[in-house]
Structures are given as structure tokens and as C-alpha cells.
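For clarity, chains are labelled A, B and C in written order, and residue numbers in each chain start from 1.
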Amino acid sequence: MRRFRFLAATAAAGLMLTATACAPSSQGGDEGGDGETLRIGIKFDQPGLGFRAGNADPEGFDTDVARYVASELGFPEDKIEWVQTPSANRENALENGEVDMILATYSITDERKERVDFAGPYFVAGQDLLVRSDENAIKGPEDLNGKNLCSVTGSTSAQKIKDEYAEGVNLVEQAGYAECVTILEAGQVDAVTTDDIILAGLAAADANKGKFKVVGNAFTEERYGVGLPKGSDKCADINAAIEKMKEDGKWQEALDTATEGTGYEPDAELNDNAEMESCS
Amino acid sequence: MGELLSQYDVLGAFWMNIKLTVLAAVGSFVIGLVLALCRISPIGSLQKFGAAYVNIVRNTPLTIIMVIGVLGVWSQLQVQLSSDFDFNFFLYAVACLSLYHASFVCEAIRSGVNTVPLGQAEAARAIGLPFMDAARLVILPQALRGAVTPLGNTLIALTKNSTVAAAASVAEVSGMMKTMMEFRPDVMVFIFCIVALGFCLIVIPIGICTTWLSDRLAVAR
Amino acid sequence: MSAQPTVLFDAPGPRGRRNILLLNIVGVLLVVGLIVKVLVDLAQKGQLAGHLWINAINGAAWQDYLLPGLQFTLQAAAISVATSLVFGLAFGFLRLAPFAVIRWGASIIVEFLRAVPVLVMMVFLYTALAQVSRTTGAIAAEDSPYYAVIIGLTLYNGSVIAELIRSGVNGLPKGQREAASAIGMTRNQSLLLVEVPQAITAMMPSLLSQIVIIIKDSALGYLIGFYELLQYSRQLGSGQGNMLQALVVAALVFIVLNTVLTLVARWLAGRLSSRTSGATALKPGPAGSSAPHL
């Protein structure tokens, strides 16, 4: 009996160790984490903004801004450690100190500001619609009555259209925007909705080139900020880096690469006059 | 708590799960019965078809079946099960649940067939019944009685698996629970308890019923 | 005692054989027709384009997505199998305990865990663990889906295994326990040394089919953002614009993996039957091992 208990205890302890040692967070880290690195949270599955294939360099607008900001803060590219931060985990990752900053289509909102700090915004997006490139009837959310609209489970953007613009719209919820785009291409839905730059990024992906267009009639304002842990001292420096990136043209360059061939133009007025967070 | 329940239609979501379960139970029973007949039938190709269906479907995660149903069959092949947009997804969820659980129903019935003594089949043959009559009048009635327990287990699993319909854009309880927890993390445990309790209320009576039925219907041997 | 299908019907005569042949031809034609129709429709939608499929199965796809995904699927499944075994053994014992209070307590917990859908459990654990990680920092936030999947699978499958052990012990011939007490063993010794080992041996095939269930259920992690095979396939599909193809490949990997495990389970059932006085049948037979299948 005693031997059995001992065995059971050893087995349980061993299991705990295995489970912890093999957790996703401890895998695939290509950096040693010697304290000199900057850990940046991005999305890995958002073409055009933050996308990473295997261990390759991540690409997209968010990551370009992140690289620029990092180098301004004194971290060259090889000192950046990329961490995947899905939407639901962004506040947690910052509060736990798992990442030093997050650039992952992270809108500045008052609710979020209670838990994290923001620098930026480095981009002002707006909710918009993605349609097939031969579609001419849909010019804005009001035209969606009787049409089919796809969005992602748990996002409120589609419900907003139904409540405020087009009561007769049919909603489909999918696990991700890539699924929505697949359905849009096949013709079973007429539009996909979320922030315009995310839509543009999807439309600009190699596999989707020329098939879709962003309507270009954004009807909300989403200010993408750099998420920081509460009380971070980097805020002002990041704001300065963003201003500098906009001035020296690198910002426009990154944006053009990410949305190439989609005819997408961000709202210039909003982006030029974007008021930076106060970094209190 | 009251305002939480008035803001989110939890009962309506549960009702959706119950509708999914009942319709898929009927669907999977019919398909499963046909598959079981295929597997014990005289025709070799039907036997192989039944076996292949069961082995493939049983080894595929339900989530994948659901996603491929919507993404492949609905969006690419444009098979419309209903002209009503939302009802179409409901029918897709029912179809996927039925097709998936049919493989388990088939195995349950087959295990029931295994409980029927050889003498019964021989007697049926001896009085000159052809295959369909022997199956319909002698084998299946006894087999279904013997299969009550595994069939009950399949029904319980089906009830719980109806939550996977979230993957087919159906507004059922697990998706609602996820949304509620996202917006009201302060009452998370309460939300979980409500949903868990709801399932206990559905599942445990089914379990008791099947035990009672299998005792009552057991063929004395 | 099993009714061989062959006694249900005569070997078909010449006319029967002709009818069967006709039926087969019609059946094959129907199936082929359906497949052709599906392929033509898919081709019209451009889903059969070679590069879409090649990108879903080439070396890069395996290296960057399918293998890492498979690794996490198998890892979560393997750990869950081991932990559910520990959980199941513990609760299996408790459900056989001599004190009614313990027996009842354990039964209520096991029945509760068996009644709640795994997905609901996972969604709850995922949110709860995120809070734990927020307040205590004990686990990394990005790991909360991973732990939620493992704990959810453990609680559910552990309670199923507890039930398997209980019914396995109850299904053993009475003589085993009587013999144990005849040579002076206490109730606990008899359970631990005689009954449970045999029940476990008898349970092995069911346990292996439980592993298939665990592997399949780990795909539920997809709905709470756990990066396993299905989620990685989605990511592959997002990048290459071949979501459908990537999902079909993921489904095939699951089918192959689970089929192999099922075959091993069947083979083991045959081998182990001589080493226990219980029934090793995989299927829930009349002996009443109430193994739920899914």
C-alpha cells in the first residue's frame, strides 16, 4: 500500500512537471531570455497585420511598426522575442508581465485602460465591409438588408450592423476571418465585417489577390494602440517613435506593403490628426 | 443575477440544445438502424459500406465534421437545407450530429444483435423467414432491448455534443456561456453552475430512464 | 453466443447473386455519380486547383503547422490519458469504499462530471484559469487554453474511467473476492491486489478506445483557442487561402491516427482476454460495462 502511494505520488509529480515543461509558452522560444530582449505580443494568424509561418520572421503592418519602435527603444531585430497574443489573452499577458508590449490590432478603449496602459495610437482603423471585387450594390452597412454577413464568434461588430444599420441582415458566425473570406469567395455571404485594415490585410494576401475589395466607408473609429503594462515608463518614447515613423515615410511604406493591390486608403484625416495618449 | 438572465436568453439557448438533441436523436437512430442492417445484411458491398462509414466517422472529431459541413458543403457546394437563413444552419447542425452519432447507434445495435442467442436466428430461419423478416420480427426487437444501455449512452453523449453546434453558427448554450463569461467575468462561477446544472437536469434523468428501461426490457435468458 | 450474421440468411442462389450484382452496380454508379458531382462543383469553385492542395500537404505545411499541431494534440492527449488514469483509479477506489458516505460523495462527483459537456467544462476552466493567471500569475496567460483542455479532458475521462473500474470490479466473478478473503485478505487488500488489477486488464481495450475519444475531444480546444492540430490547420489555411484543403488534411490525419489506435485496441482485447477473469470485450456487451463511447 505504501509503495503504491509512493508510486502514485511520484507519477503525479512527474505528470505535473511534464505538463508544465511542455506548455505552449515554454516552446518554440528561439531566444534565451537573458533580460536583454524585448518581448512583443502580436497575432500570428492575421495576414497583413501579424502573421508568422512556423519560426519564420513575422510579417505585417503591426510587426513593422513593432520593429521600428523597438529599434527606436534600442532593441535591434535579433533582440525581439515574438509572442503570440490572441485577442482574449491580451490584458492577461500584459498584467502577468509575459510581454513588454502588444501590437495586435489592439483598440484603445476605456474598459481596457482600467487594466493596461496604451501608447499611440499608431493607426486609426474603422469598422468596414469586405465584398467581392465585382460587387457594386453594397456601399455601406445600410445596403445589407436581405444580404448575408459573416463575422467572428464573440465579436460584436456584426450585431452592431444588425442593430443600427440594417435590421434585415442575416448573420453567420465563424471561428475566424479566413473562414469568412472562404465563404465570401464561394458566394454564400455577401460581405465580411471587421476593422478595415484587417479586411485589407486579408484581401492583400497572395491567395486572395484581386478577389475582394474593402468598401471604404468606415462607420466607427478604432484607435490601435501599443498595449503596455500599467505604469510602464516606455509610453512617451513609443509615442515619439511612432511620430518619427510617420514623418520619415516608413509608416506609409509599411502600410502600402501590407495592403498592396486592394485599393485601400486609410482615413488620412483621422490618422494625421490622431491624438496621442497622454502617458500619465 | 436576475438581470443577467434577462439580458441573456439562457433558457432559449437550452431549448435550442434540446431541439438539436431530439431531432438528431431521431435522425441518428434512423441512419444508425440502416447502417446496422447493412452490416448484418447478406450483401457484401453493403457490409463493407457500413463498416467503412462507421470506422471513418467514429474516428473524426465532431468539430471537424461540423466545420467541413458548413465550410465545404454549405459554402462551396451550396447545398441549401432550408431557404430560411438561420434555420438552414440549424438543419446543418442536426445533420452533422445525426451523421456522427449514427455510427455509434450502429455499433450499439450491433452489440445488441450480439446478445441475441444463435438459436433465435436459427429458429427464424427454420420457419422459413427471409432475411428482412427475420431481422424485423425476430432479431431486431430483441437486439434493441439488449442495446438499450449503449443506446442510452449514445443519447447522453449526443445531448452533450449538441454544444459543438456552436461551430456551425447555431446560437446554443456553450456559445452563449462563452459570451456571458467574456462580458461578466465577475459572476463566472454562477454562469457555469447554471449551465452545468441544466445539463445535469437533462442528462441524469436520461441515464436513470435507460437503466430502468434496460432492466424492464431485458430479455430473460 | 454471438449470432453470426451468416445464420440470418441462406447463401444467395443464382438469382440472388444476380440481384446482388445488379444492386452493387447501381450502388457503385450512385456513389461514383455523387463523387463526380461533388468534384465538378468544387472544381467550378476553383477549390481543386493544385497549388491549394499542395500547399496544404507540402514540407512547409508539415514542418510549420501540421507537425507542431500534431505534437500539441498528442501531448495534451497523452498527459490527459495519464492524469485521467490517476483520477479514475482514485475515484474508482472511492466508489468501492466500505463507507457509504465516501461512496456516495464520490458517486455524486463522478456523475456530475460525466453529465457536463466537456466543451462547457473547457470554456469555464479557460475563463477561470485566465483569472487565476491574472490574479496569481501562477501560469502563463497564453497557456490557459492548454491547461483548460487538459484539466477538462481529465475530469471527464477520469470519471468515465472511474466508472469503468467500478463496473469492471463488479463484473468480476464472485469467486475472486471469495478466494481472496478465504486466504485471509482484508477487503482493501482483495481490491488492491486481486480485483482492481484484473478489472484494469479487462479495461485496457476500453481504455485505449477512451484514448481515441481523448484525441478527438482535444480538438474541442479549437473553440477556446488551444493551438492543436485543428487550430494550426486553420492558421495554415488563413495564410495560404486554402482553409478547406487544410481542414480536409487535418481530418485525414485524425482519422489515420485514431484508426491505428482502434486497431491496437482490438488486437489488445484479443491478447488480454486470457489474463483476466473479466470480459475484455471492446463493445459494451450484455455484461454491462457501461462504457460511454464518446
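The rule we apply is simple: a residue touches a chain if its C-beta (ideal position, glycine included) is under 8 Å from a C-beta of that chain, and two chains touch if they have at least 3 such contacts.
No experiment lies behind these values; they were computed from the predicted model shown.
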| item | value |
| --- | --- |
| Taking each chain's C-alpha mean as its centre, the one farthest from subunit A | B |
| Closest chain to global C-alpha mean, per-chain Cα centroids | C |
| Rounded Å distance, subunit A centre to subunit B centre (Cα mean) | 39 |
| Gap in Å, rounded to a whole number, between the CA centres of subunit C and subunit A | 35 |
| Subunit B and subunit C: spacing of chain centres that average the CA atoms, whole Å | 16 |
| Where subunit B touches two or more other chains at once, by residue number | 67, 71, 76, 78, 166-167, 178, 182 |
| Sequence positions of subunit A contacting 2 or more other chains | 88, 175, 179, 182, 186 |
| Numbers and ranges of subunit C residues touching at least 2 other chains | 45, 222-223, 243-244 |
| Residues of subunit A touching subunit C in the complex | 1, 4, 8, 11-12, 15, 18-19, 22-25, 28, 44-47, 51, 53-56, 83-86, 88-89, 91-93, 95-98, 175-179, 181-182, 185-186, 205-208 |
| Complex contacts: residues of subunit A adjacent to subunit B | 88, 148, 153-154, 170, 172-175, 179, 182-183, 186-188 |
| Touching residues on subunit C, where the partner in the complex is subunit A | 45, 52, 60, 63-65, 68, 72, 75, 79, 82-83, 86, 89, 130, 133-134, 137, 139-144, 146-147, 150, 188, 192, 222-223, 225, 227, 234-235, 237-244 |
| In the complex with subunit C, residue positions of subunit B that touch it | 39-47, 49, 55-56, 58-64, 67-68, 71-72, 76-78, 101, 104, 107-108, 110-111, 113-118, 120-122, 124-125, 130-131, 134-135, 139, 146, 149-150, 153-154, 156-157, 160-161, 163-164, 166-167, 173-174, 177-178, 181-182, 185, 188-189, 192, 195-196, 199-200, 203-204, 207 |
| Touching residues (chain side subunit B, partner subunit A) in the complex | 67, 70-71, 74-76, 78, 85-86, 89, 166-167, 169, 175, 178-179, 182 |
